[in-house]
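Structures for review follow.
The following pair of complexes shares a single chain, chain A, combined with chain B in the former and chain C in the latter.
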Partner chain A sequence: MQAYLGIDLGSVSTNFLVLGPNSAVLAHHCLRTQGDPITAIKAGLTQLKKQLAPGVIICGAGSTGSGRHLAGVMIGADTVKNEITAHGIAAAHEIPAVQTVLEIGGQDSKIIILRQGMVTDFAMNTVCAAGTGSFLDRQAERLGLSIEHFGQLALESKNPVRIAGRCAVFAESDMIHKQQLGHSMEDISRGLCQALVRNYLNNVAKGKEILAPILFQGGVAANRGIKQAFEEALEQEVIVPKHHAVMGALGAALLAKQTVSRKKKSSFRGFEVSHWNFKVRTKHCNGCSNTCEVVKITAKGQILACWGDRCGRWSADPLVNRLNA
Partner chain B sequence: MKITFPHMGYLNIPLRSFFNNLGQEVIEPPAINQHTINLGTRYAPEFACLPLKINIGNFIQAAELGANTIVMAGGIGPCRFGYYAQVQREILADLGINMDMIVLEPPQGGWKLLLRGLRRLTGKVSLLAIFEAGAIAWAKLKALDQLAQRVYSIRAQEISRGSTNRIWKQILTHIDGANDLKAVQKAADCGYALLQGIKTQPHKEMLKVGLVGEIYTVLEPAVNLGLEEVLGSMGVEVVRSIYLSEWVITNLVLHTFYLRDDREHYQLAAPYLDHFVGGHGIESISNTVKYARAGMDGVIHVAPLTCMPEIVAKTILPGVSLGENIPVLTLMLDEHSAEAGILTRLEAFCELLWQRKRMPKVRRQQNKTEMELSRGKLSVAGISGH
Partner chain C sequence: MLVKIGIPRALLYYHYFPLWECFWGHLGLEVITSPPTDKSVLDRGVIAAAPETCLPVKVYYGHVLALAKAVDYLFVPRIISAQKGTYICPKFMGLPNMIKHSGYDLPPLISPTLDTNRGKKSWQRAHIQAAQGLGYNKKKALTAWRYANYRLRLYREKLQQKRTPLEFLNHDHSLPRSFTSPTILLLGHPYNLFDEFTNMNLIRQLYQYGYQIITPEMLSPVIIEREATQLPKHLFWSLGRTILGTAFHCLKNSPVVGVIHLTSFGCGPDSLVGELLERRVNKLSNLPFLLLTLDEHTGEGGLITRLEAFLDMIEWRRSS
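Showing the complex of A and B:
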C-alpha cells in the first residue's frame, strides 16, 4: 500500500501522520518536543512504525513546523515547507470551500485566508505569545486542571468573568484576583477563553476578512471552551476538523505526495533513521564580521547539512532553494 | 575634534569621505552587532523605537574608541526622530559620556541653524573646499545607490549563492577608497563590470517585491536581518522604495528651496490616507499603490515596533492591498534576532506570490471581484462540521 509521511516539528509538540490511498489517515502520533527535536523525531518514527500495518510503503515524506529543516534533513524529506502553506493545504483538503483558518499552536498563532482553495493572505503573532497554547497550558496548571478538563469546564459557565487579555502576565494577575474574590472555576475558565479569543482577533486577525467556512485547527482547537468563545465572538459556526492537532503534518504529507508525483522518486531514508546516531555541532564562522553560528549535522560519518550562515559559505545548497523546486 | 555618526546602511562611506576631505578625523562606530543592540536596549527607554536604541549603542561604542563629537540629523514633524538627538544627548550625559553633539536640523524657514551646525563642523575651511568635499561624498552616495539597484536584480538570478554579496562587498571597498570625482567614477564603472561578470540565469522567472516602510529599517541590514539578501536568495528581485540620495535631494535640497514636490505621493495615497502622518507613512501607502499599478507581485512593509507613522500605515495597508489587488506583508522589527520566524513568514509570503503569479490573470481578477462582493456580507451560511 502506498503511503506518504508528514512531520510537523513544532516548538511544543512534534506530530506525525501517514496518509494512505484515498486520503485515509493510516496512522498519526503526537508527542512533546521538550526541546530535543532529534530524540522526538526518532521516538515518533519508532511509534509510528508500530502503528502501521505491514505492507505499507512510504513513497514520500514532507516536513513542516519551526524545525522543518532539521526534520527534513533527518528523514530525507522530499519537501520542506513553512507551516502556513502546510496548514492552508491541509485545510483546503479537509473542506475545499474553506475561506478562513484559525490556527493556534504552542507558541504561535496564525490566521490564513483562502479564496478558491488558495492562500491569499495570512498573519502570525509577532512579538507576543499571549494568546497561544503555552499560555492556556500554564493557566490550566495554575487552576489545578488538566488542559482537556479546562475547556469542558468553560462550557458550563453561565456568567463569564471579564479578564484582561491584552498581556498574558496581566491576564494571570487579573485571574488570580478574580479567584480570590470567590468567582467559580467555570466562570473564570470561560472568561479566560474569551480573553484569549479577544486577544487573537485584535492582534493576529486584525484587518482580516473572516468569512465562512471557518476552520479552527492546532493543538488549542481541542479546547471546546475556546471554540465556543470564537463562535460567540464571530457569530458564526467554527468547524474543528477531525485531525485538528496534526493538520500541519497532514499538509506536509499532501505536499510530499504532490512533489513525488512530479519528481517520481522519493529521497525518504526510511524508518531506520530512528536508529541512526545524529550529531549536531555548532561553530562560529570566522569568515567575516557577521560571525554566524553555523550548525553542522552529521550521521554515519557523513555531513548531512549545514546552515546558519548568511553568505552560503557552508550551506552551499541552501534549503531555501528547494522553495521553488 | 573626533567626529562620529550613527550607522545606517552604507551611509558611513559618503559621510566619512565628506569629513575626511574637510580635514576632520572620523571615528566610526563598529558595524552594528549584538553588543551594540545590548548597549542600546540597556540605556534607552524601553518603549523607544529601535533606531534610537541602536544609535545610542553606536555612540557608546564610538566613545570607547575615542570619538568626542557626534553628528546627528534632526527632524521635524510627528515622528519621534525629531527628538532623537536631544534624548540621546541626555542619556549619554547621564552615563557620564560628555560628547559634543552637532545636530543638523532641516531648515524651517531659516537657514541659520543648519549653517551654524555645518560651520561648527567645517571649521575655517573655504566654501569651495566644502563644496568639493560635498561633491565627492554625493558622487559616492549616488554611485552606491545606483549599484545597489543592479545588485537586487542580479542577486535574484545568481547561480552560485553568495556570489553577488561577495562582489557587493568589493564594490563598497572600491567606492570607499576613491579619493576624487574621477576615482569614484572609475570605481563605479569597475563595480558595474564586476556585477556583469556574475554568472546568472538570465531568463529565470522572478518575483518582484517592493520594500516600503520606515527609512532606518529599510536601509540597515543589521536591523532587518538582511531582508534583501534573504529575499534575493529566494529568487526575489527587491525594489527598494527609499534611496538615501533621493532622500537627501528631497529633504535637504528641494525642501530648503521650497521646491519639494510630494504631489505624486499625496495623489496616490489620497484614496486611503489623505493626511501627513510623519516619517514615511504617506510614502508607504503611495509606494504600495504605485508598485501595485506597475504590476509588481507584492509589497513588504517593514517598521520598528512602536513606530507611529508606520503603525498608521500598517492599519491602512490591508485596505490598499484589497483595493489595488496586491499582497502586503508587514514585519514589525524589534531587538529580537530570531531569523527563523522572519524566514517562515517570508517563505510563506513568496509561496503565496508564486501561486498568484502562476494563476491565470482572468481568475485573479475574478478573485478580486468576489472578494469585493463578499465584503460587507459577513454572515455567509456555514457548512456543518463533523
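Showing the complex of A and C:
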C-alpha cells in the first residue's frame, strides 16, 4: 500500500502522520520535542513503524514546522515547507470550503485566510507568546491541573472572571490575584480561555476578515474551553478537525504526495534512520565579524547539512540545495 | 595628515551617501564610512542606544561607535525635512543630541540642521556653514556642494533605472536579478531595505527565489508626489509619503505580483502608515500583502517562514 509521511517538528511538540490511499490517515503520533528534536524524530519514527501494518510503503515524505530543515535532512524529505502553507493545505483538504484557519501551537499562533481553496492572507504572532500553548501549559500547571482537565473545567463555569490577557506576565499576576479573592477554579479557567482568545483576536487576527467555515487547529484546539471562547467571541461555529493536532504533518504529507507525483522518485531514507547516529555540531565561523553559529549535521560519517551562516559559505552544500529545490 | 571625517553607514546614508562623501571628499577631507552592519555593530548599538528607540537608531549608534576611534570628526546631520511641507521622523531631529549625550567618548560632531521648510537652499547653506566651521572658505565649499549635488543627482538617476543602492554600496554587480521575472513591490525605509544585515539579505533572497523588486527609490519623486497628493489628508511624514505614493503608482501601473512592507519594531510613523498602506493595497488590488517587522533577533527563522508562505501565496495564484 502506498503511503506518504508528514512530520511537523515544532517548538513544543513533534507530530507524525502517515497518509494512505484515499486520504486515509493510517497512523499518527504526537510527542513532546522537549528541546531535543533529533531524539523526538527517532522516537516518533519508531512508534509510527509499530502502528503501521506490514505492506505499507512510504513513497514520499515531507517536513514542516520551525524545525523543518532538521527534520527534512534527517528523513530525506521530498519537500520542506513552511508551517503556514502546510496548515493551509491541510485545512483546505479537510474542509474544501474553509475560509478561516485559527491555529494555536506551542509557541506561535497564526491565522490563515483562504478564499476558494487558496491562501490569500495570513498573520503570525510577533514578539509575544501570550496567547499560545506554552502559556496555557504553564498556567494549567500553576493551577495544578492537567492541560486536558483545564479545558473541561472551563466549560463548567457560569461566571467567568475577567483576566488581563494582553501579556503573559500580567495575566499570571492577575490570575493569582483572582485566586486570592477566592474565585472558583472553573471561573478562572474560563476567564483565562477568554483572555487568550481576546488576545489572539486583537493581536494575531487584527484586521482580518473572519468568515465561516472556521477551522481551529493546532495542539491548543484540544482545549474545549478555548473552542467555546472562540465561538462566543466570533458568534459563529468553530470546527475542530479530527486530526487537529497533526494538521501540519497532514499538510506536509499532502505536499510530499504532490512533489513525488511530479519528480517520480522519493528521497526518503526509510524508517531505519531511527537507528542512525546523528551528530550535530555547532561552531562559530570566524570568516567575518558576524561570527555566525553554524550547525553541522553528520550521520554515518557523512555531512548531511550545514546551516546558520549568513553568507552561504557552509550551507552552499549541494545536498542542502537539492533538498530545498 | 588629512583630517578624517566619519560617516555612519546607517539611516539616511543610503539616500545621501554620494552627497556627503563627495562633499567632504571634495573639500579635501578623508571620508571614512563605517563598515556594513554586522553582529558587533548591532550588539554595540543595542547596548549604547537609549532603550526606547527603534532598531535603525540602535544600529546608527553602533556605526557611530565603530567610527569613534578612527576619525577626527563625526558627521551626524540633524535632518528635519528633505521636502517642503514634510518631516522626517522626530528621532532624526534629535539624533545629534542623543549621540552627543550617549556618554561615550566621541570626536566632535558636525551636525548641520537640514530643513527644507526653512527655504529651498537650507541644505546647501547648512553644509557650507558646516564646512566653514572647519575652516574652509565659502567659495570652495560652494564648489564642493555643487559637485556633490551633481553626484547625488547621477546616483538617483541610476537608481531610477531599476537599480538598488546595494549595487553601488557593495560594488557588487553580481546580484542575480533578472528583468523578466515577476515583480514584488518592496516598500520600506531605505535603512531597512538596504541594510543587508538587519533585513537578513531580504533583497538577495527575493532574487534567489526568482523575483525582481521595485522599491520607492526606483520611481521619480515627481510621480510619487503626484500619487501621494491623492490622499484625503496631507501626510507629512516624508518616508511614509514616499511609501504610499510608490504603492499607489505601482498598483495602478506595474504588473506587481505581491507587496511586502518592511518595517522595524518600534517605528512610530510606520505604525500608522503601515495600517493605511495595508488597507489601500487591499482596496486597490487583491494582491498578497506581507508585513515584515525587523527587530534585534538574529535568527532568520521567523522571517523565512513568513517570506516562504508569502511566496507560496503568490505562486499559488500564478499557477491557478
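Throughout what follows, the second predicted complex is superposed on the first by the 316 of 325 C-alpha atoms of A that agree within 3 Å, B and C clash if a C-alpha of one lies under 4 Å from a C-alpha of the other, contacts with A are read in each partner's own complex, and residues count from 1 in each chain.
Keep this in mind: a contact is a pair of C-beta atoms (placed from the backbone, for glycine too) under 8 Å apart; a residue touches a chain by one contact, two chains touch by 3 or more.
Quick caveat, the model's predicted, so the values are computed rather than measured.
When the two complexes are overlaid on chain A, chain B and chain C occupy overlapping space and clash. Of the two partner chains, neither chain B nor chain C is touched by A:299. When both complexes are overlaid on chain A, the residue A:43 reaches neither chain B nor chain C.
Of the two partner chains placed by superposition, chain B and chain C are both touched by A:310.
Looking at the shared chain after the overlay, A:212 reaches chain B, while chain C stays out of its contact range. By the touch criterion stated above, A:120 is placed in contact with chain B and with chain C alike.
In the superposition on chain A, the chain among chain B and chain C reaching more residues of chain A is B.
In the superposition on chain A, A:30 contacts neither chain B nor chain C. Look at A:66: by the touch rule set out above, it reaches both chain B and chain C. When the two complexes are overlaid on their common chain A, residue A:85 makes contact with chain B and with chain C alike. Overlap of the chain B and chain C contact sets on chain A: residues 66, 81-85, 118-122, 124, 126-127, 207, 289, 310. The touching residues of chain B, when paired with chain A in their complex, are 31, 33, 160-162, 165-166, 226, 229-230, 233-235, 305, 315, 318, 321, 327, 332, 334, 336, 340-341, 343-345, 347-352, 354-356, 359, 363, 367, 370-371, 374-375, 378-386. The residues of chain C lying in touch with chain A in their complex are 35, 38-40, 197, 200-201, 265, 275, 278, 286, 288-289, 291, 293, 295, 301-302, 304-306, 308-309, 312-313, 316-317, 320.
Of all residues in chain A, only 66, 81-85, 118-124, 126-127, 207, 288-291, 310 touch chain C in the complex they form. Of all the residues in chain A, the ones that touch chain B in their complex are 66, 81-85, 95, 97, 115-116, 118-122, 124, 126-127, 206-214, 235-237, 239-242, 289, 310-313, 316, 318, 320-321, 323-324.
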